[in-house]
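What follows are several structures.
One chain, subunit A, links the two complexes that follow: it is found with subunit B in the first and with subunit C in the second.
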Partner chain A sequence: MELSKVRRYRKRHKLIAALFSQSPVLIIGLNLPFLIATSVSLRSAAALSLELLVVHMGTMAVALLAARYCPRVVRPVINVATSTLLMMVARLWLTVFFRGVVDALGIYIYLMAVNGMTLTQTNALTKDSHPLPVLRGAFLNVAGFSVLMFVISFFREYLGSGTLWGNPVAVFLRLPGVLVPFFGFIVVGFLLAGAKVLNKKLLGLALRERALREARFSIIENDVVL
Partner chain B sequence: MENSFLLFISTAIVALAVENAVLARGLGTDNRSLFVKGPRSGLLMGGIFAWIIVWSAFPVSLTNYLLKGSPYVTVVRAPIYLASILMVYTLTSVLGTRHLKNRQLAEEIKQALPVATFNSALFSAFFLSASQNFFFSQTLGYALGSAVGYTAAIFIIYYARKRLAISAVPRAFRGLPILLIYLGLLSLALYGLIGHNLPT
Partner chain C sequence: MQLKQYPAPHIRMSQTTRGVMADAIAALSFLYAMAFYYHGPRSLVLGLFSVFVCLLCDILCSAISKKRYNLRDFSAVVTGMILPLMMPASVEYRIVAVAGIFAIVVAKVPFGGVGHNVFNPAAAGFSFAAICFEDALFTYPPADLKLPLWQTAEFTLATSPAFVLQLGGTPGYDSMSMLLGKYPGPMGATNILVLIACLIYLVSRGTVRWSMPVSFFATVAVLAFAFPRSAAGGLASVGFELATGLLLFGGIFLLGDPVTTPKREMSKVAFGITSGVMVMLFRHFGNMEEGITFALLLMNAAVWGFDMVGERIARWMRRKKLGTLEGEKIPKKA
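Take a look at the complex of A and B:
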């Protein structure tokens, strides 16, 4: 196998892994309420993704400082207070661009302050956590969540409302029931199962690559010995 | 007085069954709270949730009353709710660790307290009661009903996991995927029973 191909595969694999196979949404089921109940339109997906970006990245940055300088007991309080303040800022900002959507989302806009992904990852930080890898991982996790929101919202809006981004489109079959939370549970369950299968295939590919690399080096060693 | 009591009971039943945070809205469906180790852990999680939400309902209800008709209500409400919850959380954390004689229970409460408190189901109860302009007795009833409904959902999920673990489930669906599909079917049954749009 050529080295350039191996390098390209590894780069792609890292990105895919961060977005899907190592995504806390798919692996340990964080932030499920948003995927289940609010993924009913592309606009909602956009609004919540932007809000999560502001809340998650800001809280992670503050949590890195808190992990270094504050006692462990106080950190959950600091993290939640920061995420609430950032949620308010994000809500005000989103009201300018997505006013109708912010009103339609109702309480879910406020609940982003206590989203599971932010609280779990901020509470897991330690004094020795390096800022750059943590923030890069956080950004990729937000990107993974956004991709999932958009994918689910696309299908639910198309089949449920017969629109895309609020614009009516031709649809061969309308199913208003897909807009209700029960369908969100079921579709997220199938998505998690699909992510497990994808993880298994990626792991299989990674193991195959390692085996090929080891076989190649052992052949070279044999030639040198001979 | 009688009217307040009836409002309290009716709102509690609505929050417990009809508008159950977990089954009707998918709130609190976090891996940390979904996968309790046993009935004792589930009861502890539900008990802490009930303690925090009921005591926080007092300052939250006062806030709703004072902010009624204010133009800044949507901006100011969230941090005041959070401050109320943090106040109860801090008092519980301090009193629990210092005054409880059973050290094992105190340690378990210390571990479960952040998970049970900073929970979308808890926060949503207060925002929903504010959006529906509830009185004090209704806010308290909604809080108590949400707590009982959340505890019931934890137990439903625990016993469902036990049954699903011994069922012939395809490998890809084992664990969280099949549990979410199960909750979806329960939610469908609830939707069939209620048949109305939930308030947001």
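Take a look at the complex of A and C:
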């Protein structure tokens, strides 16, 4: 009964762990500057998420090939060149849909070419890396970044500007202070605390599951002996 | 024998957290009495409301983190009492609530609560409110105007002498008005004589060590004399800098917080001097008329450095048998 509960719990939280509690953005702080400084409107969250999707997925795909066919020394150069090229393409594409937002984001649009998530994960690839799990993991990481961006942006845009997706909405009390970058740190800190609590809970359940399994095996062994 | 583990420092004193908080509450009560005299019952209701918000947040946070709330801990009451005193008497209740919630939920509880908070909760709460509601927090009602409990928009609000100083002007108030707090300003920070009495009371009770406020005020005075913001000259500038804004109030109630300040006496002096320099930098180059809370928050983040250096110097002095700078001499071996 306990094991079925554990399995149900883990199944339900598998996606949450991938998108939130095990996200490299929260766990090792990759792409944190974007999360803190630019998460002030939902439109910028959408623009940066789409840009990261193009840059990260594209660079990972090329890096997989580079890991297989190129010497180790030239791989970082290829990865950065690819991400820069993809960033420029993404920027042109985003300018059509989010013109004002792209202008407002300024340097952060260009910094996406050398974002921590892409650089770390592309350089960690080896010639034995399997494409499908790598690309699946990359997509989940981008999704995790997007979820966090949207959550923080929603909170900050609603309270700070009194708008949602640029449209004015009724807000009880406007707090322009939440638009200041330091508040981004505070929100990320709270999210990190939430992720830690969730991870602790999952770890506790996993340990209980292992203990139950061991107990069951020892009972079977005892029965056999008897 | 039962061994109990406690975090350092392992120094026991007769002074208790409850006693320190009770002293602070007693001192703050005098300021509320003056605020009541000048602005009527609204000032008291603001204080009660702020205390209620801070206590409620503290209790709720304890419940969420599954900790038993210590009813003998008055730290939330002190934070709640300090916050409205730094604001004008005409401030809206919701602004006080925002400051209180930020102080407890963001600046106090996540760092471990009483005795563990890195930043002064009241300073953090006020700073956040100042960023969010700059216009509401830096315009004040006239000194002796009795305010209604709920409506505040029926009278004209004025700027404080601190604002005049920021513009490079000279406040047009005589010395007696400045001492008695008969000018527009924060509810509890204008009564200079009462504040000095509070400082004497807290120092005599041992709640605040004399070294830090003295070094802080002396540094501010020296810098105000050397680099006057007022056209009236160096000496007048010293008086204006010390008497206006939140400087005196912050120097007593925010800087004197034993949790967010260094532990050793010489570190306290160094901390006071550096805080004075930082406050004057904020006053000279900051955008807001009041930068003491921001300066203190920055200094709070550097407390560990003061403690570390102070400890090393103290250890070196002990080794060299030079005394401890804490007033006691190391006895020589027979």
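Following the convention adopted for this analysis, the second predicted complex is superposed on the first by the 192 of 226 C-alpha atoms of A that agree within 3 Å, B and C clash if a C-alpha of one lies under 4 Å from a C-alpha of the other, contacts with A are read in each partner's own complex, and residues count from 1 in each chain.
In this text, a contact is a pair of C-beta atoms (placed from the backbone, for glycine too) under 8 Å apart; a residue touches a chain by one contact, two chains touch by 3 or more.
As the structure is a prediction and not an experimental result, all values here were calculated from the model.
Colleague: Between subunit B and subunit C, whom does A:Leu135 touch in the aligned arrangement: first, second, both, or neither?
Modeller: A:Leu135 contacts neither subunit B nor subunit C.
Colleague: Is A:Ile78 touching the first partner subunit B, the second partner subunit C, both, or neither of them?
Modeller: Neither partner.
Colleague: I want to verify the contact counts: of subunit B and subunit C, which reaches more residues of subunit A?
Modeller: B
Colleague: Go through the superposed model and pick first if A:Val151 touches only subunit B, second if only subunit C, both, or neither.
Modeller: Neither: A:Val151 stays clear of subunit B and subunit C.
Colleague: Once the shared chain is lined up, is A:Phe190 touching subunit B (first), subunit C (second), both, or neither of them?
Modeller: The answer is both, since A:Phe190 touches subunit B and subunit C.
Colleague: Name the contact category of A:Leu173: first (subunit B only), second (subunit C only), both, or neither.
Modeller: Only subunit C; A:Leu173 stays clear of subunit B.
Colleague: State whether A:Leu53 touches subunit B only (first), subunit C only (second), both chains, or neither.
Modeller: Touch partners of A:Leu53: none, neither subunit B nor subunit C.
Colleague: Residues on subunit A in contact with subunit B in one complex and with subunit C in the other?
Modeller: Of subunit A, residues 180, 186, 189-190, 193 contact subunit B in one complex and subunit C in the other.
Colleague: Show which residues of subunit C lie in contact with subunit A when the two form their complex.
Modeller: Those in contact with subunit A are residues 94, 98, 106, 110, 128-129, 131-132.
Colleague: Enumerate the contact residues on subunit B facing subunit A in the complex.
Modeller: Subunit B reaches subunit A through residues 24-32, 34, 75, 78-79, 82, 86, 89-90, 93, 114, 118-120, 123-124, 127-128, 131, 170-173, 176-181, 183-185, 187-188, 190-191, 199-200.
Colleague: Considering only the defined contacts, which subunit A positions touch subunit C in the complex?
Modeller: That would be residues 173-178, 180, 186, 189-190, 193 of subunit A.
Colleague: Which subunit A residues qualify as touching subunit B in the complex?
Modeller: Those residues of subunit A that touch subunit B are 28-30, 32-33, 36-37, 73, 76-77, 80-81, 84-85, 87-88, 92, 104-108, 110-111, 113-116, 119-120, 123, 180-186, 188-190, 192-194, 196-197.
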